Structure formats: C-alpha cells, structure tokens
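Structures are listed in the sections that come next.
Across the two complexes that follow, chain A remains constant while its partner is chain B and subsequently chain C.
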Partner chain A sequence: MNDVCVRLEGVSKRYPHFLLDNISLDLPVGSILGFIGANGAGKSTTIRILMGLVRQDSGSVQVLGHAMPAEQTAAKLDIGYVSEDMRLYGSATLAWHMNFIASIYPQWDQSYADTLVRRFDLRPEQKIKGLSHGQRVKAALLLALGRQPRLLLLDEPTTGLDPVARREVLAELMAVLADERRTIFFSSHNTLDVEQISDRIAFIDRGRIIALEEKEDLLDRWRRVRLVVPPSAVLPQFPGIVEVGGTERLPVLITNHFDPAVVSLCQDRGATVQSIDSMTLEEIFVANVQSRRELQPA
Partner chain B sequence: MHSGPSSIVLSQTGGPLYQQIMDQIKQKIAVEEWKAGDEIPSIRQLAVDLRVSVITVKRAYLELEREGLIVTQHGKGSFVATGIAVGPHLYEQKLSVHLEEAARLGTTIGMSGRELVSRLRKALDEVDDARPVSPKSLKESQ
Partner chain C sequence: MNSAPTNYARTNYAMVRRLILKDWYLNRWMIIGSIPAGLASLAIVLTGKQVAFLLSIILLCMVIIGVGAQLAVVTTINERKEQTLAFIMSLPVSWREYTAAKILANLIIFLIPWLAITAGALGILLLPGATHGLIPFIAIMAVEMLVTTCLIIAAGVITESQAWLTVAILCSSLGLNILGYVFAHTRGIAPQMWGMSVHWTAASCTILLAEFLVAALILALTFFVQSRKTDFL
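Here is the complex of A and B:
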C-alpha cells in the first residue's frame, strides 16, 4: 500500500493562455484519486502529462516507477487511458477493436471483456460509428479495463453517461480496486461520483492544486454552521471561516477548520448554534474555489 | 446482484457515507443479523460491494472499533465483538442525540426548562396511548 504509483513534483507547463503551475501530487498504489476542477482548470493537461502525451516544461513525473515522458513506452504497457478525445475506428466493430487490443497487449482478458460487454449492455458486432456517445465511452472503458492495467488514467469517465451506465462504470472501477496492486486516477466534474469512490481528492483551479488530501479528512474539516445572534450579541469569530452568509441575526458560516469547541465559544458570546451541517464535496469545492477567487481575481 | 445478508444500502442524501455504514452495521449487530463473534466483510470487500472508497469503509470500521462493537485482528479479519449488548447501547446513543436537539430547540425559542420537561411528559403520554396496553404501563402513566 505504501508504494507510490504516480508522483508529480513541481510540474509546470505553459501555453499561450494557460499555465499549469507547479503541480505536486502523489498517489499510493491501491488507491483511487478523484481529480476535480472546473472546465479549463488543467485536469486534462495534467492527465496528458502523466500519459506522456504532453511534455512538461519543468518538474519530474514518475508513473509506475518510470520517468515520463522519457520512459513512456514501458509505462504505457501498464496504463489504461481513456479520454473524451480518444477516437475508435468508426467503420470497425467493437469485436474488431477487442481483437486489435488483444494482439498488442498480452494481458488482455477476453472472458473479463465478455463480461463487461454484457454489463455495459454493448454489442460486439456493432460498428463504432453507429454507437451513441455513452456507448462509445463505455466501449473505450471496456478496451482499457480488459487489459487489466495496473494504472487506470481516466479523463472524465462518467461524463455523458446515463445514471444506469454511470453506476455500472463506478461498480467496475471499484471492482478493479479489489486488487490492491491496482490504482485509479480519474478526473471528473461530477463531484457525487468522486465523493463516493475516491480515497483521495485533489482540487485543481486555474492550473494550481488548491487541495490534496484524504477524502474523509477533507469532508471532516468543512462545516456549515447556522447561528442565531441576538441583537445584544456579536458574531463570534472562529478558525477557518471562508464564507459568511445569511443575515446579521441569522448568519450562516462556512469553516474549513471545524472544531466542536465552536458551540461553547458561541454560547459564551451569547449566540446559539442552530445546526452544524457537514457539506457535500460539491459544496466544499465551490466554497473553496470561490473564496480563493475573491482573494485573487483573475 | 449486491443483495444478501451483508447488504447495506447507502443513500446519496443520507449524510456522510461512513456514518451511514456505521449506523447500518450497528443495526445489523443490534438485531443480531451479525452475531457476536461473526466475521464481517473485509474493508476492501465491503468497499467493492457498496461502490464506495476503501478509506470510507476503513473510517467506519475504525470508529466501530473505537466504540468496541467490532474487533479487527491483523491478517485474520474483522469480527463482531463478543460480550456486548449493542441494542440498548445503540438506542441510548440515539436518545442522547434527540434529547440534545430538543434542548437546543427549546433554548432557541426561549422555552423554560420546566416547560420542556412537561412537553416531554406529554410526549411520553402520547407514546403510551399508542402502545398496546399492558398492566405495567397502565400503572406508570396514571
């Protein structure tokens, strides 16, 4: 469990209108990282660098013990990569693609692939150009999963899938992790998916990692606190307040360093704590990004 | 596919996932669906079954261990602890949560302690009315 599968150190990449700025991140073998960011935040660029498709300007990238992009040929034998812009051959069938992949990768497991065909509700004899968007996504995932790679690099694997298909895909990803030697790195803006299956969470915004931690720790730190402040009392201050909403008498605070001592602290100041609510990953992400953007406008 | 005696059903709107897992395991133990000494699913297995991350299940198991409801033996697995009465323990905890909530709400609307106590008595009477009458409870409520 303690081996590192993916390690980025001080990785930067400059484009005319975008800077991936000094990204550091690591992911232990056997775990799953959910990579969350708005559109254009740098998710795909980071994943392409991990895959060796884009060369970083500076910094070091290690994937499965290989330096990228220099040793990408060796690394790619064990990486399953799926992204939106990956094209399959339109006039060929899914079965043809499975044979093609099987001829390149010796680890290809046809019986597992057959199971996936049924679970994903696909037909091997169908040509790719006749598939819907969701079916194409599932076909691409199937081709990656069937190789049983040690690392799955998935760029928005659930985008455009219907709820039933999404559940199937998430279940397959979790099934992959039943094997402790395998690791998943996936990006998404569906925070619900990420919240459910991730061990670790990274938030990226405007090319910078703004949070990287174990999911449970992250969810634990953030709370929304509703208060009742009588006219005579003052709004108590406590650590980590990132947002103050509501009204003067009924303020709603968001803190990213929640401490249960807040309740007695408020009572000492004459205010009452109405409720302390945990927040969803989506709420945390939005609050985090907004508070930073207010401090540092683009 | 994911049914069977160990099935736990998670809700996306039901609060923190680890908490839901904890609560449902406690209930399983309370109703003896999982009996003292029984081996329970491994962390990774339950994670796969529930489609939630390993770390979420690990957190639930750690807290259950801390509360003494399960024990984990390294290399062997996790088991329901023996010699504990979970049923009363579980409802005891729920009760304190609700009592605290009632006290807080009472304070918010400026209700006196005495008033709150009399409201609790009234609530007790209502529950008693709804309960099948046994000689003992009749005596108590009168």
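Here is the complex of A and C:
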C-alpha cells in the first residue's frame, strides 16, 4: 500500500526563458496542497508535468503510482483536471459534454453531476458559448468532479471569478474534501483561496520550490514583531529574521522562526514589544519571495 | 494505490473512436453541407457535354479539397486556438491516440466523397464511347488529391499553426496543378490519354505506387514527429 499520491523527484524543465529547477515534493493521499506562486513562477508547468502533458527534461514523476508521462493514460483515468486556460467546446451543450465524459469514465456519477448542475445553477441544454466565465469554470469543475477522481489537479480555477462564483466553487471543493481518499493539488496566486482549503502549502518562485510544509506550521512560525527600542538598548539576535522595516527606534521585524522566549529577552534588554502579529498567507508568501529575491537576484 | 502492470503502449481504440465521433459531431453541419455541394457538382455531368464533365471534375475537386482543408483547420488548429486541447488532453488519451483520432477523423471524412467521386468519374469513363484512355490519368490525379490531403492533415496535426497549414494548403494546390501538368505530359501517359482503350503503362503504375507510398510516408512521419514532441500544451 503506497500512501503517496504525487511524487516529484528532482524534476527540471528548461524553456528558452524559464527553468523549472529541481522540483521535489511528496503529496500524501487525502491531502490538499495549495501551490502558490506569482504569474510565471512555474505552477502551470509543474501541473502539466503531473498530467503528462509536458515531459520533464530530468527527474521522475509518479502520480497515483504511475510513472509520468509514460503511463499518463492510466493515471488520467483517476485525475480530474481543471485549468484556468482550459475551454470546453463552445458549439456543444453542457449535456453533450456530460455524456461525452460519462462515455469515457466508468465511474462517472450522474446523480452527483445532476446535483452539481443544480448547485452551480447551470442548464445542461445550454451551449457552452452562451455561458459566462464563471459558469464555464463551474461547468469544467462539474465535469472533473463527476468522474469521481482520486486526484484533483486545479490550475488557478478561481482566477477571474466574481466573489459569488468563487465562493460556490470553493464551497464545492470543501465538500469534496469530506472524502479523505481524495487528494487535491490546487494552484493559485490568490492566497486567500488557498488558505481556505489547503492543509499543506508550497511556495514556488522563479521555478524553484521555496517552501513546502503544513499550513498550520507555516502560519505558526511566521510573525511580525513591532518593537520600541530606546537608544541605549541592544536587541538580542532574533532567529530567522527575514525582513527588518520601520525605523531604528521603532523597528518592525518579520521572522520565519518565531520563538516566544525572544520576547522576554527583548524586554530584559529594555525594549518594549508593541505587538506580535500573526501573518496572512499572502504576507508570508510576499515576505518569503522578496527576501529570497534579495539574496538571489535574477 | 494501484500499480497493476498494464500494457500502456496499447492503443485504446474505443477512445480513438470516441474522439473521431466527437470531431464529426462538432463539425456535422459542415460535413452535411458539403453533400449537396458535391451532388450539385456531379449533376453537371448529366448535361452530357465534355465541358460540363471537366467543370464537374474541377468543382468536385474544389469541394473535396475545400472540405478536407476546412476540417483540418477546425479539428486541429482550432483545438489549440480555442483552448479545447487542454480539455481533450486531460482525458485518458495518449499522444498516439490523439494523433490517430485526428488523422482518421479527417481522412475518413475525405475518403467518403473521394471514393464516391473517384468511382463516379472512373465509372463515367468506363461507359461505352467514353475516352477510356483517361482512366490512368484520372486515377493518378485522384490519388494525388489523397496525398495532398494527407499533407494538409499532417501539417495541421504537427504544427497546430494556422500559418503553416495555409502554407501546406497553398503547396498542395500548387503541387496538384504542377504535377497534373507534368503527368499529363509524361511520356508513358500522354500518348495513351485520349485513346479509346485503357493502357496501364509502367510509368502510370509507378506514379500511382509512388503516390501511395508518399501518402503512407507522410502519415508515418506525422506519428514520428508527434512521438518526439515533449510538450502537448
């Protein structure tokens, strides 16, 4: 019994102006990975490699126990893929698409698909070209979920959606998560969406994974500390300082290894801790990316 | 997690069939619309005049090549342009099945009117009093149309580019005219062309065989090039 759903080992892919560099990650069965990166960071390339649609130059890729891209046909029987740049056939109806998918996937669940049609407020007899962007995304998601996939690969599915449609899509994904055997790989540059549904987080920047860990651990480690430092005081060495802002007297420190013991140490040295704030995933992502870019300019 | 050994190299013919039917369904109006155009062209022959026969052949060629080229555009170029390729490639489909489906969907649609029209044209030439000597030349030109269509389909499948497909269509049209002229003046064909009996000379047989080989080579090359691709999106 293998409990790893996705395994990437040393995966690289070179394009003329971009390098996906030595990507390694494991995704256990039943987990939800939020894959966060700026535009052009390598999110879509990674997902396309996972789908077998792009062949890696080096490294190995295992998806649901299948080596990719060689065994993509077998793997894709159990994958639901929705991408921001994926379109359905405009001249065909949603009902035609549902029948087409049902003819391919023996595990297609028509009653669940019908439920999603109602929940997403879609009309099966409507042609795809008559749907709004939000409805098209929901239709694509319906076609992916109806086939009961063991792995959902979602490449920026909520991009361009209005708040109502985004909420509907995320709510359905949350409902899907009730099935503990289902694994989700969710890429987005919208950290709010990722924060809501993910239990693991990966940051990717300029083709490299710069963080990969449990969401709660990540949120626990990062803190913004505001201090008041009198002229005579000397601050202790903070572990994991990523960014120092503010002024000399009123510094604002961002640390990725927050230790409560340092607070009392500061106070012992005459500094006043004004506040210790948790950071949002977006703030952590931006601070992480900026600090690494300062260390390793392009 | 399952990891049962499976022969992944095996082609899933059921999937290929579904993809072919998908393309035909999505382009059904164009396919259906070409039938009356083809029949109308054929009807001109019934007037019984030699000029009408030539006009009919020209119109039929235009319909066949036009439908073939348009279908190649719609089923290959538009798949990428309209971003439906990601949807299709997200299904349990390999590059081999995708390529086979695209070639077959286009080729079968072409072959149905092509076979009917070629058989019709040859049938008319076999009628008593007809210029039977034209049969080898007509057969050569019919197969030449098959070759050019294979070239157009291959360009569409391999490049997925409107520009390259246009180049292929232009080359095909030009090639058809030039080769038609060359064959009509080939020593082993020209002297017998307007006679009342059929002469399958070594030259006409060699050209026919070469045309079939070129068509097969184009299709084999398409699969080879597709197998070398590393990116499908």
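Note that in this section the second predicted complex is superposed on the first by the 294 of 298 C-alpha atoms of A that agree within 3 Å, B and C clash if a C-alpha of one lies under 4 Å from a C-alpha of the other, contacts with A are read in each partner's own complex, and residues count from 1 in each chain.
Here is the rule we go by: a residue touches a chain if its C-beta (ideal position, glycine included) is under 8 Å from a C-beta of that chain, and two chains touch if they have at least 3 such contacts.
Note that the coordinates shown come from a computational prediction; the quantities given were computed from them, not determined experimentally.
Placing chain B and chain C on a common chain A by superposition gives a fit, with no clash between them. Of the two partner chains, neither chain B nor chain C is touched by A:N22.
Judged by the touch definition given at the top, the superposed model places A:E214 against chain B, while chain C stays out of reach.
The partner that reaches more residues of chain A, of the two candidates chain B and chain C, is C.
Applying the stated contact rule after C-alpha superposition, one finds that A:I32 touches chain B and leaves chain C untouched. By the document's definition of touching, neither partner reaches A:N190: not chain B, not chain C.
The three-chain arrangement built by superposing both structures on chain A places chain B and chain C 150° apart around the Cα centre of chain A, to the nearest 10. Once the two complexes are overlaid on the shared chain, A:L170 sits against chain B while remaining clear of chain C.
Nearest C-alpha atoms belonging to chain B and chain C sit 21 Å apart in the superposition, given in whole angstrom.
Residue overlap on chain A between its contacts with chain B in one complex and with chain C in the other: absent. Interface residues of chain A facing chain B in the complex, by the touch rule stated above, are 30-32, 167, 170-171, 174-175, 177-178, 180, 192, 195-200, 214-216, 219, 228, 272-274, 278. Chain A contributes residues 1-5, 29, 48, 51, 53-55, 64-66, 70-74, 76-77, 79, 81, 83, 85-92, 96, 100-101, 103-104, 140 to its touches with chain C in the complex. For chain C in complex with chain A, the touching residues are 1-3, 6, 8, 12, 15, 18, 22, 25-26, 82-84, 86-87, 89-94, 97, 230-233. Put simply, chain B touches chain A in their complex at residues 12, 15-18, 44-45, 47-48, 51-56, 59, 104, 107-108.
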